[in-house]
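Chain nomenclature is as follows: A, B, C and D, assigned in order of appearance, with residue numbering initiated at 1 for each chain independently.
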Amino acid sequence: MNASTLLTAMLPEHLLLLGILLLIVLEIGARKPREFLWVTLVTVFAAAFAAARLYVSDYAAAPFPGQFSVDPAALLGKATLLGLTLPAVLIAGGEFRGPRFSILLLSSVYGACLMLSSDSFLTLFLGIELMSLPVYALVLLAMGRPESAEGALKYLILGGAGTASLLLGISFTFGSTGSFGLAAFGAALAGGDTMARAAVVLVLLAFYLKAAVVPFHAWAPDAYESASVPVTAYMATVIKSAVLLAAVRMFAGTEVPASMVVLLAGLPLLSMVWGNLTAMRQESFRRMIAYSSIAHAGYLFFAFLGPAQGRYEAVIFYVIAYGLMNLLAFVCLPTGEDATRDRLDNLKGLFGRNPYAAVLIAAAMLSLAGIPPFPGFVAKFLIFRNVIDAGYTGWAVAGLIGSYLGIYFYLRVIQYMFMSAGEEAAAATPSRAWAFAASLCCLLPVILLTIFPGWLLDRL
Amino acid sequence: MSEAAMLNWVLFLPVAGMAALLLVPRLRADLVRGLSLAVMVLQFLLTVVLYLEFDADLGGLQFETRLPWIADWGVYYHVGLDGLNILLVLLTAFLGPLVVAGAFSAIQKDVKLFYSMVFFIQFAMLGTFVAQDLFLFYVFWETMLIPMFLIIGIWGGERRIYATLKFVLYTAFGSILMLAAVIYLVWSLKSQTGITSFAFADLYGTRLPLDAQVLLFGAFALSFAIKVPVVPLHTWLPDAHVEAPTAGSVILAGVLLKMGTYGFIKLGFPLFPEATAVYTPVIMVLAVISIIYGACLALVQDDIKKIIAYSSISHLGYVMLGLASLDLLGIQGAIIQMVSHGLTAGGLFLMVGMIYERCHSRDLAAYGGLAKLLPVYSVFFMVLTLAAVGLPTTSGFTGEFLVLMGAFNAAWPQYEAGVTWPLVLACLAVLGVVLGALYMLRLAQHFLFGESKAPHQPLADLNLREKAILALIVVAVFWLGLFPDSFMRKTELGALEYQQQVMSRPAGSWVSVEPAGGSAP
Amino acid sequence: MDNTQLLLALSTALFAIGLAGVVIRRNLLVMLMCMELMLNGVVLSLVTLSQQAASTTGAVLVFLVFVVAAAEIAIAVPIVLLLARRKRTLDMDAFTDLKG
Amino acid sequence: MQQALLWFFVLASLAGGLLMLVLRHPMRVALALISTMVSLAAIYAILGVHVIAVFQVLIYVGAVMVFMVYAIMLLDVRDPSFTHRYSGYLLPGLAGAVVLVVAFVRGLAGSTPAVMGAGVGTTFDVQPFSVAFLNDYWLYFELTSVLLLAAVVAAIAILKARRRGNG
């Protein structure tokens, strides 16, 4: 291990840390709150660019053997997470002026990046915590809404329970394999003794909780609804993606043994059905997205049923498509008072007021529903293809029917925007330019992925 | 331009049209309309050139383009024309300009979005017909839902949201199961041959055990049958037709319903020949039930659009019967019947739309004696009605006659072998023709003749635009009726290939297979 | 039953009690404490196992758990105070009015 | 003697945990939790891992619980959650916990962890622990500082948010 490896391999993380420190210095020194967002933007962009650049050059190194290592898969994951953070930062432009938002966001992304490079459970645990802790505060930062504090506290308590479950799992994994390495999980998954099985179940439950899979989803709707739009967007995309990508890293090349299939397919299936059915009854946009993301967590965990070598491809493509589309919907939401902005009714007649936003939200909804030609369809296809490849046709059919249940509520959003007359809302607020930039940020990759999904798939 | 590129031009012209519309200012409705019509006419002319260039003596695909799309999965952008889809492509391109022109006065709200959606659906429909790759086919097939959802939902009648959601949720349910079947099919091909391919030509070669075939065919058939629609799955159609704007109804009746029958002929039957043999009796029975049931319901409706909607179910029953007969004449008849129904039903919906713009009622009881009030309108209406009934010299006659010929051709050898039910079915199908005459004449009689009680008199007769639209349809109807030969020549080899594809592989022909579970009569 | 198994059983029991508390109690502060109980159970299991294996890594993990627990509380308590200050209740069921 | 003490503290911590489920007032729940934590610290001391026993007392009892008790004292006693202990998930929650305990205890009692006896009864002294931590595991030292930094900023953000919320 030499200094240059240390510097290059952790370059995205270093850049993020640098940004955090710079922001702290700025907060102490400067008076004007405006330039903070630029610092954040530049930091996230630089880190994303560094990760992408290292990925393109097929960089792999292990600066801390057995604790922290990078490989192209991890780098692409980091580039994705950082890239998805960018629009979330952009739409925060109108809402959060202070540096605290930026510092918290950056440290949360730092934790997410850490998870994707972890080689031992210690790093994974620290990564998860570093990712989650700032978000508890971010949820609360909206504070325009009295519910925020409750949502944050509930998220914190259940998140803590998830952490405890993860730790007990880690402890049992250690007990049965004698190692804290991430690879020990694969060994425990393959091994058959009681302690190993208990360990696998506990770790999985922790991941289910962090990714909001039924019945460990109770925090998600409250937390999503409590947070303000940029934070919800961040939680629904980046955090969920990080958890799933970390899970892929943890599962590594281990095939799922038959005894675990019920756990790995049953709860996600329940999640799809419950999430989709409950989303139909929501009147709040963020709450609807929360239930939608619960359903999507179900699809994503289905990917683990498939053959091990296809898992990463399926998850990363899904995460990119899902994240982009989700963010697109968030950045196009009409601006306004946070609470009214969140009501689905507020979308009524949006096409008449702002056709650009309405069309983009509609595209996002259709993609989330998995209707072609949008990338969401290709992503869903990929996952269910893998499940059928592995021979679980019955589960795949059940999952597809579960996904069918979701079509209605996505269409309802389109129905509100295009087919209902709405009252004329107030004129646009100043954050328009930010939102427009953010929408371009999402739109260009979406167009690319819609027309040439093969471009990305061939590179995975 | 090279020959193969021309099909791509036809396919992507609507996309170009959408892009062009994007640049037109939102309030310049006239410019939007003119531009849309110009693009559609251009597309039709190009399609005519394609049709004329299409060599009837060559089998297989023509104007083929094959480019890698998702190379990793073996998915190709693969399009081409063959005897099965050439007439449907021509029909789609022919109806395009008429739909656009027909909506000039009817659509006043969000004009730009409307024509964009018409282009979008045109693109998706043409793509579905010409796709030669299962993935591409599925993408186009599902994409079609989006513009139709919006067309019915935004510009439809009072219960439009209910109708459009019903339409989408019905059809999407079929598609979901089809998706599972598609994945399974491709996976089977891969495990048998090691090739990952979505090409129709490769998939035709998959050999599956009978029970797998039965399940997969069931999934495909459910999706197609919902779209056709075959009787127990038809309930979305009257709602969608009644609530859709005129243009939506024309697209729906004219082209969209043919997707289902085209799916059977292109995918359902040839992919699973053994399963087809098992299912044929069921399909024939359902087809005949559709013919009779649709006709009976059409006979008792009071809403003019509903009459035509139920008549569509009845007419598409003939198509299914012809396809399932696996007789060469029957298959060609089915294709002609698809085109003919597209013309007559499309024309009738346009005419209902025209009268609705004048009187704002679709209730049959509200009308009467239009022959005196609107003579030109009435002549056109009569001609289209008679064509729908299947009067000789019109397209409807050619189609129905050939289908029935095919059904009898297929049934007779069996009758001689002692199996009577196919013959009974064929006879029942003839009964459908009589019922068809009854409901159509009832419509014409109440509508055109009798006491004149049309609301909002005096009524303006058809203007030049409307006359031109209807005249084109009527010319096409007679052309197809009087000179079906040239059209049938183009489809002959395609139909033959299809027939061999389905018949060659089963151990015996479908005749020798017992009806599944004895459910058939 | 030797000591290791006894302590593992105790740690599982504490974990389960804590989990039950998080699920069944209504007061958010009590739920928070139950979550702490879960963590305590986990620490016990970690200590027992890593002491058996003489693993320094285990000891480091235990230390990290302490730090994280402290950090979590450092965030949780201000939130609780915030709630109390705004005269909102700490009743879990009171927050379910937005459920749907 | 040591074994008897161990059993005593095991039972004490278990009793403390169970009391947490039934006590009504948060303050009493906090006291029960503190007694559990102290019992656990005693268990660690008996096992010979003094570093952790000290941490347990200092960090958990000394910092965390003091903070918690302070928060409880500021609360409104008329809060309905003080009188109604249980949410609607009482029975499923208890049933789940019982199933969990039974499954784990039965399963684990039969199996011996693979690591058992690898290095019996090693104690972690402060010095070797610190050396190892700062030499082999300094990555975690760094990461912990980032984590604490984030936590401090988060706490400040919440306090500031309170000020804004009041105004």
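Criterion: a contact is a pair of C-beta atoms (placed from the backbone, for glycine too) under 8 Å apart; a residue touches a chain by one contact, two chains touch by 3 or more.
Note that the structure is a prediction, hence the values are computed from the model and not measured.
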More contacts between chains, C-D or A-B: C-D
Innermost chain by mean C-alpha position: A
For chain A paired with chain B, centre-to-centre distance based on mean C-alpha positions, whole Å: 43
Whole-Å gap between the CA centroids of chain C and chain D: 6
Where chain B and chain C are represented by their mean Cα positions, the distance between them in whole Å: 63
Distance from chain C to chain A - Cα centre to Cα centre, in angstrom: 25
Contacts with two or more other chains, residues of chain A listed in rising order: 122, 126, 129, 133, 136-137, 140, 174-175, 178
Chain B, residues touching no fewer than two other chains: none
Residues of chain D engaged with two or more neighbouring chains: 104, 108, 113, 115, 118, 137, 140, 144, 147, 150-151, 154-155, 158, 161, 165
Category of the chain touch graph - line, ring, star, complete, other: other
Contact footprint of chain B on chain A as seen in their complex: 351, 355, 366, 371-373, 377-378, 381, 384-385, 388-389, 393, 396-397, 400-401, 403-404, 407-408, 411, 414-415, 418-419, 452-454, 457-458, 460
Residues on chain A engaged by chain C in the complex (per definition of touch): 120-122, 125-126, 129, 133, 136-137, 140, 146-147, 149-154, 156-158, 160-161, 163-165, 167-168, 170-172, 174-175, 178, 180, 221-222, 225, 278, 281-284, 287
Residues of chain C that touch chain A when the two form their complex: 8, 11-12, 15, 18-19, 22, 28, 31-32, 35-36, 38-39, 41-43, 45-46, 49-50, 53, 55, 57-58, 60-61, 64-65, 68, 71-72, 75-76, 79-80, 82-83, 86, 88, 92, 95, 98-100
Sites on chain C touched by chain D in the complex: 1, 3-10, 12-21, 23-30, 32-34, 36-37, 40, 43-44, 47-49, 51-57, 59-60, 62-64, 66-75, 77-82, 84-87, 89-94
Footprint of chain D on chain A - complex, ascending: 17, 20, 64, 67-68, 98, 100-101, 103-104, 107-108, 110, 114, 122-123, 126, 129-130, 133-134, 136-137, 140-141, 143, 174-178, 193-195, 197-198
